[in-house]
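There are two complexes below, and they share subunit A, which is joined by subunit B in the first and by subunit C in the second.
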Partner chain A sequence: MNAFTLIAKKERRALLQNQRGLAWLLAYTGILSAFALLLISNRELSLLDNAQVVYMMAGTVTAAGALIAVIMGADAYAGERERGTLVPLLTAPISTGELLMGKAAGLASAWGIMYLLAIPYLWAVGAGGQNLGQAIFYLGLFGTPVVLGFGYLAMALSARSGSVMYSLMTSLIVLLFSASPLLIGPGLRNSAIGKVLDAVNPFSGALNTYDAVIIDSDPLMSQLGRLALVLIWLGLMFAVARLSARRPVFR
Partner chain B sequence: MLIDANHLALTLDGNTILKDVSLHMKKGDIYGLLGPNGAGKSTTIALLLGLYSPDKGQLQRFSEQDTDIVAIRQRIGVMPEFAGFYEWMSAREYLVWYAGFYGGLQAQPDSLLERVGLSRTGSKPIVQFSRGMKQRLALARSLVHAPELLILDEPTNGLDPRGRREIHDLLIELAKKEQVCILLCTHLLDDVERLCTRVGIIDDGRTVLEDDLEHLLRDSGKPRYRLHMTDTPEGHPLPPLVRLLERDDAWWTLEIDLHRGMTIGKIWEDLLNHGWSFDEIHIESNTLEARYLELTGTKKPVQQEKAA
Partner chain C sequence: MKHFKYLLASLLLLSSSLAAAASLQLQLQSDTANPAHPTMGDWMHFNSVITNTGQQPIEGLVAWISLVEVTPGKEQPMDLEDWSAHKAVTGTTLQPGAVLQTQWPMRLIQSGDYRVVISATDRNNKTVFTSPTLQFHVAQKPVVESARILPVALGIPLLIGGLLGVQKVRRWHKTG
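This part shows the complex of A and B:
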């Protein structure tokens, strides 16, 4: 088994066997459960229609996934350093590239687990609706690059910073900033700055696509620009992580 | 020569960490790397492991050019000062997993655990291990691939006296029987005197001493005496074979050169004849500690203090 596989396997097991990893998954499913309950009760009161409920659930899954990815990314190097497990990895006969790829693959498999866990929730809120399948497909297509991009950003900061706290806080600020167009309300969102933020922001890109394809039933072809945006985001963040992890801070 | 490092220098983020470090180790050596905190020992180890590249100097590991650092690390086992593990794994599981980086375990995990004194703990989760047990497991981890060079940073931290002795015996066995070269980084000079064949002392980023321990202890300067002076004649120099190392009120530390057929009795007589008088004499043994303190500036010779 090569070094990349060994690290990826360890990362996946750490999520599923370690108390910390299980706590993160529990927090994730807790967020989804609370939102699903809220959305179902609103739908039953006819305050929201089926498509809107599915759209909001897909957005919640993306946001919660990005949050967990940021926590995992921030822990990837800095957390290992704080627990004294990074030095044995850095002194083992593996390249920094293999280490990063293993950790990146671990993060990707964590998102895979979160994605699978999200499907029953989407089904619960959107059962009977015609856009459920599209929601699951577009969550995979747009949610994956957004979530992993945030995770790789946190990983890059984690490799170069001395503490989990620093990399976590910085990544969370970026995540919050990315979500800001959604938080500032429709009025400000239509302002010039709001529009620019909306156009370049991968998080907005994914949510606007969910809106377009789930609520308005737009075709995939109309979303190619946004797809390019989220893929560029993913590629850019992975490149930043790769650069940072070339010479990680090890003590 | 297994490690041939000459005049290494390294600057990190604008700080010059190493100025002139040299290190020479061969198979079967147990090399004690000593120095005060912040002297550059850990950075020297990081250089050996290829975590940094020196700005200046020549570094040769295993008589090969340092082009493939991954291949070099295949031959090195490391036990860092702070032993961290994935504590949700069992000891056996962890060793098998970690050995995967080296192409698999060279021995059965249980025999390796037994070798470091952790028999019957293989299936126990590491989270239940005491600090001493984790130290032993860290040593086992460094041995998973039967390395040619073993780098140990404070390996006996947290061990009880029996455990310390067991680890000492294991290290001696590794060096003598398996010809493993061991770099021991420690502040415990007793451990160095007991285990090491060679010693290197680093102070302020420079190698201030590198020698065989036996040679160092045999020839580490002249005998030293602490005298309580009751009368010291003003302006009168000490006899030529006597050197003042330190003065603390009436307590004078003297280094006396007895290599020219002189006896200590004649020296005392000479001092008394010149008007010096004293009522107490203490002999300071020629230990590694004395040499270390002298070289690392903790007890600087009087002349150096004046110069500073």
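This part shows the complex of A and C:
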């Protein structure tokens, strides 16, 4: 078994067989369950149609995925350093690229588990309505590059700074800024600044795609621009992470 | 003759007081901005005009909106709890000839056929005046069903919580 596979297995085990990892998954499903229960108990929310609810659920899953990616990414190098395990890792016969990809594979596994856990929730709120299959597909197609991109960003900061606190806080600020479309109203997003931010923000790209596909039933061809945006985001963050991982701070 | 005069005077007094009794005229119209085919979750607005057509001012006027479902087999008066926050106008004084215009917003909570009416009375009058009714149909739309959500929303966290519990027990056995 090569080093990359070993590291990937270790990261995956940390999520599924570790109490902390399971606690995170429990918190994640707790958020989705709370939202789902609100939908049937709150009069205002219960009047939303299936498509609107599926769109909101997909946005929530993407945001939660990015949050977990940021937390795991911030711990990737700086956490190993603070635990005193980074130097042994770096002196082991694995390349910096393999170490980075192993960590990224763990992160991807976490997102994969979150994605699979989201499917029954999407079915529960969206069955009987429109575009449920498309919602599940586009959540994977657009959510994955957005989530992994944030994970790579956090890993880059983690390798550069050597501090979990610093890399986590910086990544969270970037994530909050990107996720602001979830919080601000359509009026502000339609302003000139809002439109510029929407055009370069991968999170907005994913949300706008969910809106277009799930609610407006737009085809894939009309979303190619946004697909390019999220793939460019993923590519850029991967390049930044790879560069930073070549010389991580270990002292 | 004297008795006849007294009788005539009493009759005249009675008829004039009857003529001066409170009289309200109510009109009700659907707002022009209302959706042509209303669906669950939509807002509708109804505009009422209450006119004092009597000779006396009306004090302590109370006007309220009522909704009745007339879907065949489901006929019932509706509790406006979730439909409308603006259910009545109270304590108004209306001079003879004066007009009270009110807009009644309503959120369409449930599908079906409905009739809406405005009723009004005042503190001195036992008569309740009503407007003509307006009937409208609220179309169904697919919404979230609790029968699907509850097993998922409760089951999945319970499953993961169970795994967590098994982990804890295993660890406890290992460490003794």
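Note that in this section the second predicted complex is superposed on the first by the 242 of 251 C-alpha atoms of A that agree within 3 Å, B and C clash if a C-alpha of one lies under 4 Å from a C-alpha of the other, contacts with A are read in each partner's own complex, and residues count from 1 in each chain.
Definition applied: contacts are C-beta pairs under 8 Å (C-beta built on N, C-alpha and C of every residue); 3 or more make two chains touch, one makes a residue touch a chain.
What you are looking at is a predicted structure, and each value in this text was computed from that prediction instead of being measured.
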**Prompt:** Touching A:Q19 in the superposition: subunit B (first), subunit C (second), both, neither?
**Reply:** both
**Prompt:** More subunit A residues touched by subunit B or by subunit C?
**Reply:** C
**Message:** Once chain A of both complexes is superposed, is A:A124 in touch with subunit B (first), subunit C (second), both, or neither?
**Reply:** second
**Request:** Could you tell me if A:I40 is touching subunit B, subunit C, both of them or neither one (first, second, both, neither)?
**Result:** second
**Which of subunit B and subunit C A:G30 touches, first, second, both or neither** = second
**Request:** Could you look at A:N50 and tell me whether it touches subunit B, subunit C, both or neither (first, second, both, neither)?
**Result:** second
**Prompt:** Touch check for A:T85: first (subunit B), second (subunit C), both, or neither?
**Reply:** first
**Message:** With both complexes superposed on chain A, which partner does A:L6 reach: first (subunit B), second (subunit C), both or neither?
**Reply:** first
**Prompt:** Touching subunit B and also subunit C: which subunit A residues?
**Reply:** 17, 19
**Request:** State the interface residues of subunit C toward subunit A in the complex, per the touch definition above.
**Result:** 40-41, 82, 107, 109, 141-146, 148-154, 156-157, 160-161, 163-164, 167-168, 171
**Message:** Considering only the defined contacts, which subunit A positions touch subunit C in the complex?
**Reply:** 17, 19, 22-23, 25-26, 29-30, 32-33, 36-37, 39-40, 43, 46-50, 53, 117, 120-121, 123-125, 127-129
**Item:** In the complex, subunit A residues that touch subunit B
**Value:** 1, 3, 6, 10, 14, 17-19, 80, 83-88, 90-95, 250-251
**Message:** Could you list, by residue number, the parts of subunit B that touch subunit A in their complex?
**Reply:** 42, 46, 49, 51, 70-71, 73-74, 76, 78, 80, 82-86, 88, 97-98, 100-102, 141
